[in-house]
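What follows is a set of structures for review.
Below are two complexes that have chain A in common, paired first with chain B and then with chain C.
Take a look at the complex of A and B:
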C-alpha cells in the first residue's frame, strides 16, 4: 500500500472536524473524496500533506510512519483550488520551481520542464507571466509544477472549483489523461458528485468528519447516502 | 494641454521649497526686500566637510543610524508580523504594536529617559538607535500585518509540499513576492528615523548630533543659510530613496 491513514482525528476548538478517518491508497490509484463544504475533506488532505497536525492517528507512506515528518520531506504535493502560481516567476520557472529547490543541473531542468509544458499543451506560453495566462492555463502550469517533482502522492483539493463549466470539463479530461500517462497516485477532493465519479477509480464519502471509502463505484452508487440514486431518479423523471 | 500644464504646475509647486532651500544654501547677505541674495557662493557647501560645522559628520551619522535601523527593522518586521498574523492572539499583539503611537515620540522619550540614563545609554549613538527602535519596530510589524493573508500562507505551504524548506520558502517565494512591500517599508522606516527629532534630542541629550538636530540648531541660531544648507542635505537621501522606489518598485508594479 502506498499511502495509509489510520484513525485520523482532528478538533478545532470544540468542533470535531475528523473522526477516526482511515483510508488506503494503492500505487497508481486516484481516489475521489466527495463531501460538502466543512465536512473535513481539506483538513484530511492537509494532515496527509503535513500542513496540519492530527490530534490522533497515523499516516504511513510506503509503510513508513510519516506522521511527524515536515511537509518538505514527504514528497506529497498539495494542490489548492486556486492555481497559486508564484507571481514573480513565468510559466517555465513556475514549473521548474521544485526542480530548482532540488538543485538539479540546468540541462535536466530545461529538458524536464519543456517536456511537461509540451504534454500540458503550453510550450508557447513558457515565457508568460501568470497574469498573462487564462484560468485553465494557470491550472495546467500548476499541474506541471506539481508533476515536475514526481510526487509519490498528489493531493487535489477541488482543483477545478474556480473554473467555468467548459474549462472545467476540459481540465477533467486533461487530468485523467496525465494521471494515466504519469501513473499518478492521488486523492481528488470535490463536492461535485459527477466530478467525483468521473475522476476517481474508487470513491469515498466524507460526512461530518467520517470517511467511508467504497469498494467500487457500484457500491458507491448503491448507497443511498451518496445521493446518486436521487440524482438518477431526478434525471429519469424529467 | 490643460492637463499637461496642471501636471507641470503641480511638479513646480512641489519643487519650489527645494529650489528655495538650494538658493538659500548658495546665498549670502540676503536682506529684505531683495528678491535674491546679494552674493552667490559655494562657500557654505565647502564648509560642509569642514570640522568646524561638523555637517559632514552629522550626515554620515544620520545615514548610519537610519540605514542601520531601516534594514534590520524591515526584515524583523517582515518575519515577526508573519508570526503575529497567523497567531491566535493576533489582535492582542497588534494592539501592543500600536501602543508606542499612543504617546508623542518626545513623551515616550521622557518616559524612557530614566531607564536609558541608568543603563548609561543617554547621550550615546547606541542609545538613540535603541530608542528609535521603540517606534520603528512596531511600525514595521504594523506595516506588514496586512501583507500576510490566506493566499500568502497557501503559497508558503505549497512551496513546502514541493520540497522547500522554510528558509527556501522565504528566499524563493515570500521575499520575492513581498519585494515591493519590503522596499516601501524600508523607505518609510528610513524616513521615520531620518527625520526623528524628539527621541533623538532627549535620549541623545544633544550629544548625538544628527542632521535633523542640526537643522533645528541652525534655525534656533537664526542662521538661515546654514539651516538651508542642512535642509538640502536632509532632503537629499530621501529624494534618492524616492527615486529608487519609483525606478524599481513602482515601475515593476506598473509592468504587471
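Take a look at the complex of A and C:
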C-alpha cells in the first residue's frame, strides 16, 4: 500500500472536523473524495501533506510512518483550487521551482521542464508570466510544477473549482490523460458528484468528518447517502 | 472635490514657491532671475544634503523592511492576534519628536547605553562612547526612524501575508520540497516585497523629507533637506528665502517623479498578481 491513513482525528476549538478517518491508496490509483464544503476534505488532505497536524491517528507512506515529518520531506504535493503560480516567476521557472530546490544540474532542469511543458501543450508559453496565461493554461503549469518533482502522491483539492464549465471538462480529460501517462497516485477532492465519478478509480464520501471509501463505483452508486440515485431519478423523470 | 481640496492647494503652493525662487515675488524681489537656482544647484553643500537625506532614507528603509520581513516570515500570525498585536501599534502612536528624544536619551554620550557600557566596564569614561547622535553618518536619525518604521512594516507585512494568500503560496512551496527558510526566502519575501514596493518607496520618501528627528539628532555639516530648507527660510537674511524654495522645489520634483513612476509600476504589479491565479483577482 502506497499511502495509508489510520484513524485521523482533528478538532479546531470545539468543532470536530475529522472523526477517525481512514483510507488506503494503492500505487497508481486516483481516489475521489466527495463531500460538501466544511465536511473536512481539505483538512484531511492538509494532514496527509503535513501542512496540518492531526490530533490523533497515523499516516504511512510506503509502510513508513510519516506522521511527524515536515511537508518538504514527504514528497506529497498538495494542489489548491487556484493554480497559485508564483507571480514573480515565468511559466518555465514555475515548473522548475521544485527542481531548483533539489539543486539539479541546469541541463537536466532544462530538459525536464521543456519535456513537461510539451506534454502539457505549453511549449510556446514557457517565457510567459502567469498574468499572460489563461485560466486553463495556469492550471496546466500548476500540474507541470507538481509533476516535475515526481511526487509519490498528488493531493488535488478541487483543482478545477475556479474554471468555467468548458475549461473544466477539458482539464478533467487532461488530468485523466496525464494521470495515466505519469502513473500518478492521487487523492482528488471535489463537491461535484459527476466529477468524483469521472476522476476517481474508486470513490470515498466525506460526511461530517467521517470518511467512507467504497469498494467500487457500483457500491458508491448503490448507497443512497451518495445522492447518485436521486440524481439518476431526477434526470430520468424529465 | 478632490482636485479642489488636495491638488489645488499643492499646485498653488508649488506655484508660489516657484515664483519666489525665480525672484518674481517676495520682499527683496527684483524681477525674474535664475541666480537662486544656479546658486543652489551649483552648490556642493546642497547635493551633499540630498545625498545625506537619501542615505538616511535608504538605510532606514532597508533595515526596517529587512527586520519586518524576517519577523513576519518567521511568525506571520503573532502580529495579527493576541497581546503582541496590540503592543506592536504603540511605537506608531509616539510622535517623531518624542522618539527622537528617546533615542537621544539612549544613545548620547551621557545617555543610558553609554552609562550601561561604563557600568559594565566596556568603556572607562563617557568620552570613549562613540558618537551615535549628532554624528556624521546620521546613526541617531536612522535609529529614531527605524524604531518607528519597523513596527509599521511589521503590521503592514503581517496584513499582506494574510490578505494576499502568502500562506497558501508558502504551503504549496513546502509540499514542493522547500524547507521553511527556503519558502520564506524564495516565496514569501519576493511576494511581500512586490506587493509592498510602492509603500516601501513612499515611506522612504517620507523619511527623506522628515524634519523632527534630523533637527534633534542631526548636525550642521551633514544636514537633511528639510532642515536645510527650514533654516534658510527662518534665517535673518531674507535673501536666503528664495534658496529655501529652490531646495523645496528640487526635492518635490524628485518625489513627484518617483511617485508618478510608482503609480505606473503599481498598476502593472496589480495586473501581474491578478493573473497568477491568486485571490487577488477579486481585488
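Keep this in mind: the second predicted complex is superposed on the first by the 238 of 238 C-alpha atoms of A that agree within 3 Å, B and C clash if a C-alpha of one lies under 4 Å from a C-alpha of the other, contacts with A are read in each partner's own complex, and residues count from 1 in each chain.
By our rule, a contact is a pair of C-beta atoms (placed from the backbone, for glycine too) under 8 Å apart; a residue touches a chain by one contact, two chains touch by 3 or more.
Small disclaimer: the values here were computed from a predicted structure and weren't measured.
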Request  = With the two complexes overlaid on their shared chain, look at chain A and say whether chain B and chain C clash or fit.
outcome  = clash
Ask   = Just chain B (first), just chain C (second), both, or neither: which does A:110 touch?
value = neither
Message = Once the two complexes are aligned on chain A, which partner has more residues of chain A within touching range, chain B or chain C?
response = C
Query = Of the partners chain B and chain C, which touch A:60 in the superposed model: first, second, both, neither?
reply = neither
Ask   = After lining up the shared chain so the two structures overlap, which partner does A:76 touch, if you call chain B first and chain C second: first, second, both or neither?
value = both
Request  = Answer with first, second, both or neither: which of chain B and chain C does A:133 touch in the superposed model?
outcome  = second
Message = Just checking: does A:49 make contact with chain B only, chain C only, both, or neither of them? Give me first, second, both or neither.
response = both
Note = Both chain B and chain C touch chain A at residues 49-51, 70-72, 74-80, 82, 84, 86-88, 97-98, 101-102, 129, 131, 145-146, 149
Task = Would you pull the chain C residues touching chain A in the complex into a rising list?
result = 165, 168-169, 171-180, 182, 186-187, 190-191, 194, 271-279
Inquiry  = Quick check on the complex: what are the chain A residues that touch chain C?
reply    = 46, 49-51, 70-72, 74-80, 82-88, 97-98, 101-102, 129-133, 135, 138-139, 142, 145-146, 149, 155, 162
Ask   = Which positions of chain B touch chain A when the two form their complex?
value = 151, 154-155, 157-165, 168, 172-173, 176-177, 179, 256
Inquiry  = For a test of understanding, state which residues of chain A touch chain B in their complex under the given definition.
reply    = 49-51, 70-72, 74-80, 82, 84, 86-88, 97-98, 100-102, 129, 131, 145-146, 149
